[in-house]
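Shared between the two complexes below is chain A, which has chain B as its partner in the first and chain C in the second.
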Partner chain A sequence: MVNMKKNRLNSLKSNYNLNILLNDYYKEMEMAGKNKKLTAAVNLGFPVDLLHAYDIFSFFPQSHSAMYASLRKSREEIEFAESKGIPFDLCSEIKIALSSLYYNRNYIVPLIKPDMVLCSNQVCRAVIKLFEQFSHYYKVPFFMLDIPFVPGEEVSEDSVRYIEKQLETFPDFLHKHFGLELHEDKLLETARLSQEVGMLWYEIVNFGATIPSPVDALDLFTHMFPYMNMKRSKAVFDHYTMLKNEIITRMEDDISAVEDEEIRLLWDYMPVFSKNNYFRRIFQKFNAAVVTNTFFLPGTSKECREGTCGMRSDINTAGGLFKYWAGQFSHLYSGVSINKKLTAISDLIEKYSIDGVIIHKDNSCKPQSLPQQELHNLIRGKLGVPCLTINADSADMRYFSQEQVTTRIEAFLENL
Partner chain B sequence: MSDYFFAGIDLGSIYSKVVLINDKKEVVSSAISPSGVNYEKVTKSCLEKVCREADIDKEQIRMSVGTGYGRKSIHFTDKSITEISCHAGGVFFLYPSCRTIIDVGGQDSKVINLRADGSIENFIMNDKCAAGTGRFLEVMANTMEQKLEVMNQLAFKATDELTISSVCTVFAESEIISLISQNNSLENISKAIYKSIASKITSLLSQASSSLDMIVFTGGVARNVFLVAYLEELLKTKITIPDIPQITGALGAALYAKKMFYKGK
Partner chain C sequence: MKTLQFGYVCNNVPVELFHCFNIELNRLFGGGSDFSSADRHFPSFCCSFVKSVFTEFKNRDDLDGIISSISCDAMMTMGDIINVNNDGRHCYTFLSPVSTTNKEAMEFYKAESKKLCRYLAEITGFPFSPRNLQESIKNSHAVSIKARSIVEKLQGIPGSKHKYGDWLKFLHLEYDRNPEDLFAKMGEFEHQLIPGKDQVHVHRVFLGGNIFYIKEVIDAIEESGFKIVDDSFCFSGRMFKRTFAQEDIARLDMLDEDGLFGLLAKKYVGQFPCYSRNIKNDVINGDDDIYNDIKTSRAKSVIFINIKYCDPNALQYYNLNKLLKKEGIPSLFIEYDCQSATIQQLITRIEAFSELL
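Let's look at the complex of A and B:
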């Protein structure tokens, strides 16, 4: 009985459903390639709803890399890319994406040739070069969405207008290259479905605020995949409804993610995908639960943090939607200033009753890692909350020294 | 004589250390032995040695705590606690006014900031790299074909400032070889090696925003007198070295064992 309790995270029924959903997604991708359905390689910071309104199949090469890491198959891809002369110290996600899409490695699940590449520079600048390489290799059009970095607290209207103007040219881009027309009613319907899924996701991550937390945030992270990547179909909606109901049942049955929860942790940045079980075990030993993550909410804007994101009345026209997206993309956690990140973290600490923060400094992601030392100091100094930074890599396990990480985490938890 | 004894076992990457304390928290005996590859055997033989020295039976040890890199490989202890907590406990017991611990062992170098009550305020460890650790020093001494004690004495006689620029132990070794082939004196090269470790340590202190008021330096590397003198000069402060700097982690573990025993009683 005790053992069952300890393993119950692995027995989340929704995890099984997520696998089915992912399988279907890759099948759909394969079919899209065969049926000559239009496909687009995109990255975070581009409105996928807009693509879905055109019936374009979208995929994120970087999420594909994360999936490889979860399956512990990333090393082969990374080493393959390196054997082709790709620089050793380039981001591991880019190396995996290059290996899959540029060198056509079909190691587990293949990516398909995109008909267009749509790149936003909000999160990462290196990805522009990756997408440019795809565009060059496949001879497909490249649409670039330039999202200015916002220093300080406030996003200027000019900045939002600049993004909005670029988005307004996207229908022309599709018309010019593919002869497509935008159907506003379809766009609004897609956006409405997307909001519903967004609300469900918001409710799900909020369950982590319950003491004790019924759900492990590292486990929940993998469930972001459909929300980030997939068309808001009935299957996606049903998946999140299932996950939500499962968590509610856990709460009704007094089942918590970690038995006798004593310590509540916030995890900053992405997990170390292939090491989720290792982290869960080590946290469990100290009755510690990771209850939330800074990447769960797409935006740092007030409305996003309060869950009213997308509930505004002025988004019932295509123009209103473009403006809304432009505003949202200016506030994505990965792209905002240190002060805005700290405000978001401070809110999470209060809302989720956090005892300690764990920062994952990703060897691959230099731009995201750079401000993390300052964030670490501010979390300790200004917010007065214990903080630990661990050096690892979200996908490249050659940068993960388990013994060293174990000692750091254990020492941190021993002294909380 | 007290009937209650407590053992702390620190299984480090190069040396294993065992400390036996009595009910009055007095160190009764201690042992240091190379860790080798058979951890269970080496820790058991260290334990037998401290028992022999203290003239007690192993059964008189009421509780024991394992720490250090190999803490999970010792199966006969009652609990394992990280070396960070144990060093903090051991050093604070010896020096209650200590606010900063520098600990440089075989493969880890760390800085621990203590609060006035001895609890850990912050700690920083070296990155995934052996630069600035005991292993680094060992490799360099081997390359120079010198004993560490000699290398310290040589460094005091240095006349020129050389710099080892590589942060990688393997590359630093080849740098030493090229410095030797350029006819640089062993004195100057020895100093350069210690300077390289000192810069790693000061960088950790700066990262941890440590207080420089009362620093205690532990771990085997603290026995390098030149390094300590050089650090004191660099930081413009006095650094305290325990009598046997290698055993503070094991001492902390023994103190934890005692605390656990009375908590459970």
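Let's look at the complex of A and C:
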């Protein structure tokens, strides 16, 4: 039997189950394309539950790119895209998606032709262009969910109403283009199942607050995929139950993610997918554990920060659900002001007993990276918590200088 | 009472509202060479135009505030950073919709304009007057029509002593005048547009992109033998091509307050696109506003100048270029970074492009 305490990089056993789940998901995606099942290309910030209530298969083209990065196949795809004139400074995930779209570069996982393109502006403006291109290239209908930015501390009622009104038009969009009818009962049932999966996921994430932390947040990040992308099936529910039980067992057996944990870190933004093991090794050298991630936050509202933002049991109409979703989406971490982000980070620092913050400044993801320098200054200045910014890219390793990053992390951790 | 002076940047700010409260607007063109204050707040891969606008606002003590509009990711961050580091001046974030194609976006724009209107009434101490807004809309419309008339003349007059570059320079210098003064100045400019000695070799070029006025680049294009016939720059082509509908102007006096805000929404949500928004344009299949403008202007080539790190523009150009290639229209794509400006390199590329044609 493997001694997890000695073999520090031994990952979660549930990672294996995640691979099976992902494999099944991509097989289902391929089959959906062949069996003429309705499919939708979506991005972060679009309520996938709404699609699943119609039995529409949803997929995230950016996840396809993340997969290439995890498998260390992204560089050749990116360079191929650049050789075709796709702009050099563009986000690496979009470059990979475009080379799949225009040049059929699908040799790892197939990116199927969607029947519709559903876009939210929560990620960035460049992704809107990518999604428009999908829609135009395949000549399929496009639906935009515009989620306004939150400039201050409060979300305006007009913004929430605007999101709600757009969501209300979505059933008409599906009816107009595909003749589909909304079944309210099915929608509510899907939303409730999703709520259960969500609660399970946040229970898992909260284990990171235990000292020492039984789970590494960088390892946990990949387990977000089923929650973000996949239909809330029994397989997904079972996966999170398995993950939760594994973590509980670890806690009972006094196994922590990092042996002799001394330093607890918060990671801001996505991991560098192909360098997860490198980061875990270097952190472990200093008995440092990454215990949570800003991406794990369900939202930045007070209720979300306190863990009480779940769907109320008295929501029993589609309209009520759209209103609830509108409120939730308007608080997503990616679309709020620096001050609101800082409040959320401050809560995480307290809840997870954080000693230092690592900010991943992702060269590709401009909207998320642009405010990070200011956040860095405020975390240090206002919150008095040490902070380190690492320059990298979630998929393009040409922007990652390992020796420089090592030197900086070592200096940072030595001084904590 | 002192007249308030506000800075603003993008085309989705309803300038008519400011004029009707007698607030002087200053379009921030950025540029400059000192980025030290911006570098403290923004990463190296941030659009240098945004950094330069941030620096300009910081350095301009004459401005009482700024209207930051959510036109793109970088502009959104700039407004946020100014808010966080508030130096006591007004900083208002105007939420304009990203979507331009649905009626919900129009309603949202209307609601946000009304909110802005209440804010302007509060800081100026003046009550909102629908009559003033009507006047302001009329003046703004007249300016746009005059601007298009000048561009059409510049396109048609061979060998005029005025070049298109003079028009861009004129806009850069005179932009901040109130609409009535600007209209009068435009009249003077238009009056001077008389044919001159015809040039031996002219090659009609359309300028695309999102840059501000860069004199050296515009001069280099014209000195290389190009005749600029139209543009899609934010401060000129994009600004004036879409205005109020003539029939709406005709019934302006009959509109109530809500109707007037509806007109603002109609103009600004559906106006000539900034590619960082979701627009109906289908550049892959040839239905694109810039592409149509290129065709209408009868340009024989296109020079597309993109501010470095503006992904939506660069991405749109990628497809526009494919479309132009099919049509046999040569194009040149230039990226400009004002922080590490290498004007001479750009000029060399423009000259090389001209020699190839």
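Everything that follows uses one rule, which is that the second predicted complex is superposed on the first by the 402 of 416 C-alpha atoms of A that agree within 3 Å, B and C clash if a C-alpha of one lies under 4 Å from a C-alpha of the other, contacts with A are read in each partner's own complex, and residues count from 1 in each chain.
The definition used in the following text is that a residue touches a chain if its C-beta (ideal position, glycine included) is under 8 Å from a C-beta of that chain, and two chains touch if they have at least 3 such contacts.
Since this is a predicted model, take the numbers as computed values, not measurements.
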First, second, both or neither for A:C124, with chain B first and chain C second: second
First, second, both or neither for A:K165, with chain B first and chain C second: second
Contacts of A:G319 with chain B and chain C, given as first, second, both or neither: neither
Chain A: partner with more touched residues, chain B or chain C: C
Which superposed partner A:E410 touches (first chain B, second chain C, both, neither): first
First (chain B), second (chain C), both or neither touched by A:I86: second
Touching partner for A:L378 - first (chain B), second (chain C), both, neither: second
Which superposed partner A:P148 touches (first chain B, second chain C, both, neither): second
Chain A residues contacted in one complex by chain B, in the other by chain C: 373, 377
In the complex with chain C, residue positions of chain A that touch it: 85-87, 89-91, 94, 119, 121, 124-126, 128-130, 132-133, 136-137, 139, 144, 146, 148-149, 151-152, 156, 158-159, 162, 165-166, 169, 337-339, 361, 363, 366-367, 369-374, 377-378
Chain A partner contacts - residues on chain C that touch it in the complex: 40-43, 45-46, 70, 72-74, 76-77, 79-81, 83-84, 93, 95, 97-99, 101-102, 104-105, 107-108, 111-112, 115, 275-279, 281-285, 308-309, 311-312, 314-319, 321, 335
Of chain B, residues touching chain A in the complex: 69, 81-85, 108, 119-120, 122-123, 125, 127-128, 207, 209
For the chain A and chain B complex, residues of the former touching the latter: 373, 377, 380, 391, 399, 401, 403-404, 407-408, 410-411, 414-415
